[in-house]
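Below, chain A partners chain B and then partners chain C, in two separate complexes.
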Partner chain A sequence: MAEAQIVFENVVKRFGSVLAVERANFKVHAGEFLGIMGSSGCGKTTILRMLAGLETPTEGEIRLNGMRLNEIKPADRNTPMVWQNLALFPFLSVRQNVEFGLKTRGIASDERKKRAMQWLDRMEIAELSERQIHQLSGGQKQRVALARALVTEPPVLLLDEPLSALDANLVIRMQGVLTRLQKQLGITFIYVTHSQSEAFAMTDRVIIMSKGRIEQIATAQEVFRRPANRFVAEFVGSNNILDGRVTAIEDGSIVVDTNIGAVTVVVSQNDDFKVDDHVEMVISADKIELSSQPTGSTNEFRCSLISEEFIGSIIGLLVETTNGFEIKIQKPHHELELHNLTEVGTLWFSWNLDTPYLLPRDA
Partner chain B sequence: MNTRIDKLITAGLILYVVAVFIFVFAPIITSMIFSFNSDRFASIPLGSFTLHWYETVYNDPDVWDAVQTSIIVAVSVGILSTFIGFCTAYTDYRYSFRFKNGYLVLALLPPTIPLIIIALAMLAWFARIGASGQIWSVVIAHTVLCSPFAMAVIRLRLQQIDLDLEPAAWNLGASEWVAMRYVIVPFCKPAIVAAMCLTMAVSFDEFVVAWFVSGLNKTVPVIILEILQGNVDPQINAIGTFVFVTSMTLVVIAQLLVTLRSPKRSST
Partner chain C sequence: MSLFKVDGYALTWRLPLLVWQSIFFIGPLVFMVAITFFLVKNYRMREAFEMINWIKMLSRGYFWDSYFLTLWLATLSTLTATIVAFPASYALAFKASATVRRWAVFFLIIPFFTSYLVRTFSWYVILAEHGAINAVLSWFGLGPFTMLNTPFATIIGYMTLCLPLVVVLQTLSLANVDKNLIEAAWNLGAGWMRTVFGVIVPLAKTGLIIGAVICFILSYGDFVAPYYLGGSKPPTLSILIIDTTKSGQQWPRAAVVAVMMMATLISVAFTAVYLAYRRK
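Take a look at the complex of A and B:
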């Protein structure tokens, strides 16, 4: 089988004594929509800049279609980028901005104009072609930046938090534009963002980074349901993480003494647990049941409501167990309304035996 | 109560600004008025209106030579010092290296040295290398004086550039030279033209260094002093008016280019 389109092999980047990227190893396949996610300063943009040739790796090798990129100048790579602040040329018109990448490649003026107009048309802003950049709205600028990057028909498009400056409505619309474009063109998109919703909504796979290290590479679903380690589980934000020690082993399940009490968890036959083993389990906020009366389930705990937060049609609840431990729960708005749950003083939460996900023990 | 004090302060400030303007411009305006006055000596009441002094200046071949020299020098200095200033400013913007602060201090040093010292040093140096009294001696001396002004103006513009613009050009296939040509130079264009106007104005006005190094290739300020040394001649007022109008035009163009572009940039 042919090698993946983009390969990072033991790539390290240091800025003086600061380690920006720590031994990155990953592959990207042609036509993939890859997200790189992490908080600011985690090295995600450095990975993108190394791919574009704007930073040189301190160690390791980056390959594009089997060719070593390390020593190739940015101008000779054809890995255009959509910049966080867009970096449109303020002294050029919209069309001239789009033509720039063709001009540097020595393409004749008529051909340049034709191709630039095709892209502007595709981005639905052809009528703005002679405008100056400062006359455009945020969303229009975004489309110019995309057209400018794509006009050379590159194999890979790099996107560095391109939607971070837009308002919420526009972000959702541009997400649609990007996903559609990627599907139609069939080229690789590498999308750096700190926003989970953007990454999870658009990408095929996501790289989660922290402090220069790659913590997990997986599909959004997998990152969400099967985090590789505690960092990822916490980063996803809607997870509850319970620490505890195994107190009893039964057939197909274990009992763990956690901060909120004894929890029974279904485990697979392969998991070799011993009494007193330390385990960390992840319970997604959306998989927790809530009721105003005890239901008699195995993993059921009494709690009181601390606060509620509207996340669109979902409500995020923060409850406190009797021993003062906080648990996050997410419920659809209508379900809470139906049972009048937020009006009741004492509540019970519970989850199924197979809901907790046990974090890998070597992590 | 407060508003009354505020009004008083405002009035005081306006008065102060007007006083400063009078102080600065009164001598120049007086000289302009007397350049159209028929009396040989500057005295009040004024005589009749005349263009006689302009005619005299116009018919004086020495003045014409000086104007020609001044223009050649100013244009050359404008181009050379703007080029050097641009290179220095770009080096500052683009690279970080050891002793960069020392480099910047050296680049900005010439205007802080007393003119007479520079003039004497230039004279001694040109005499030693056998280059004194040439038109290009004045060009070199003025370029040394003017480059820091050009650098300051262009550096100001480069400080406002979006740091991603140049890498964005590389990213789109531009080599470093192509990015310089299509991104950095167009971005700096208003500052480059402003720097050229400013340095031409400084060179056109400069007297001390020119007087020392110009030899027989006198510039306009040097010829003014020569005429003044011979006798009191209202020609001076006419030449003075011409020099003032030329310099002010250049400076105002420079100022407009620097300030008018600013609001546009912030919206990009």
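Take a look at the complex of A and C:
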């Protein structure tokens, strides 16, 4: 099988005594939309900058289409970037900005103009071609930055939180533009963001980073349902994490003593649990059932409502168990309305036997 | 709505500057222009309104010799300072740490603590026929070269006056260039030359032009360097002013030269500031 388009092999980056990236190992396939996500200072931008050649790895090797990139100057890689602040040249017009990358490659003026106009047209801003940058709106600048980066037809486009400066409305629209563009062009997009919704909405796979370490590389679905470790489970935000100790092992299931009481969990044959083992279980907020009456199911607990938070069509609820432990629950708006759940004083929550996801024990 | 509505608050803050400029700049300037129409009889200035001073000065070849010499020397000085300063400023702005840059700016200001005249005379010792440079060159069997009383020495003098200032101004404007834009240029395939001249210079344009124009103004009006180092043959305009006042108390004709100098400087400065702040 052909090697992946981009390969990071044992890449380490240190700034003085600060370890920015700790032994990154991953591969990106041609045409993939990869997200790199994490809080600020986690090293996600450093990964992108190393790929663009703006930082040199301290150790390890980065390859693009099988070629070692480490020593190649940024100007000699075709890895254009869309910057957080867009970095458009204020002294050039819209068209001249787009032409810049063609000019550096020695393409003749007529051809440059033609190709720049094609891209501006594609980004639906052809009529703005002779404007100055300061005359554009945020969304228009975004499109210029994209056209400028894509005009050289690169194999990979690097995006460093390009939507962070836009208002919510525009973010959704630009997400659509980016996703469509990536599908049409079929080139690799590497998208750095701290926004989960952006990453999950657009990418094929995401890298979750924390303190320079790659915590998980997986699809959004997998990160969401099968987090690799406690950090990822917490990072996703809508997970409840229960610590517990195995108290009994039955056929195909274990009983775990947790902060909120005994929980029975179905386990696969591969999981080799012993009594007294410590386990961490993840229960997604959206997989918890809520009712105003006890239903008699196995994993059912009494609770009272602390707060509710309106997140569009979904309501985020925070409930408290009788022993004071807080649990996050997400329910569609209509379901709560139907049962008048938020009006009742005492509630019961429960989940199926196979709902809890047990974190890998070596994590 | 009145066109002459007075904003008392703004006026209060601007008043000191307005008063200062009126008393020490606009007033004397008007007076100087007026003098150009006065007459000198028996070594005394008389109030009059005659064009004779203008006609006499502007019809003389020596005036225009001085005028173009001064213009040429100031232009040469500006170009030299701008070109010589740029690599140093570039290194300070992009290659040095913030601490090194602060110290460098400090050391560049230190020469201004000493008198310009003293600094000029120290060049006299260095550039003279038996001065320091020729002494060193003679060890290699070279020279002696005549450096004093040449345009070369004048430019050296101008550099003493301007170069540190130009480096400081260039450094400050280059250090303010958005590093992201430089990286964006590399990222789009720009080599070193294109990044410097196609991105950094346009971004630092305002500071670079202001540095150049200050150098031009200082060199254009200076008389110390062309007089003591350049030998004043032919004289620059500032030396011509001195010569004119000395010969027959011709203050009105000196004023003509001064007004011509002012007019030239104002148009150069105006054009430069226009170019510096022009936004396409």
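The working rule: the second predicted complex is superposed on the first by the 363 of 363 C-alpha atoms of A that agree within 3 Å, B and C clash if a C-alpha of one lies under 4 Å from a C-alpha of the other, contacts with A are read in each partner's own complex, and residues count from 1 in each chain.
Basically, contacts are C-beta pairs under 8 Å (C-beta built on N, C-alpha and C of every residue); 3 or more make two chains touch, one makes a residue touch a chain.
Computed from a prediction, not measured in an experiment: that's the story for all the values here.
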item: Combined model on chain A: chain C and chain B, fit or clash; value: clash
item: Partner chain(s) touched by A:79 [first = chain B, second = chain C, both, neither]; value: both
item: Touched partner set for A:310, first chain B, second chain C, both or neither; value: neither
item: First, second, both or neither for A:93, with chain B first and chain C second; value: second
item: Set intersection of chain A contacts, chain C complex versus chain B complex; value: 52-54, 73-76, 78-81, 83, 85, 87, 89-91, 100-101, 104-105, 134, 148-149, 152
item: Chain A residues touching chain B - in the complex, by the definition given at the top; value: 52-54, 73-76, 78-81, 83-85, 87-92, 100-101, 103-105, 133-134, 148-149, 152
item: In the complex, chain C residues that touch chain A; value: 178, 180-181, 183-191, 194, 199, 202-203, 205, 279-280
item: Contact set on chain B toward chain A in their complex; value: 162, 164-165, 167-175, 178, 182-183, 186-187, 189, 264-265, 267-268
item: Chain C partner contacts - residues on chain A that touch it in the complex; value: 52-54, 73-76, 78-81, 83, 85, 87, 89-91, 93, 100-101, 104-105, 132, 134, 148-149, 152
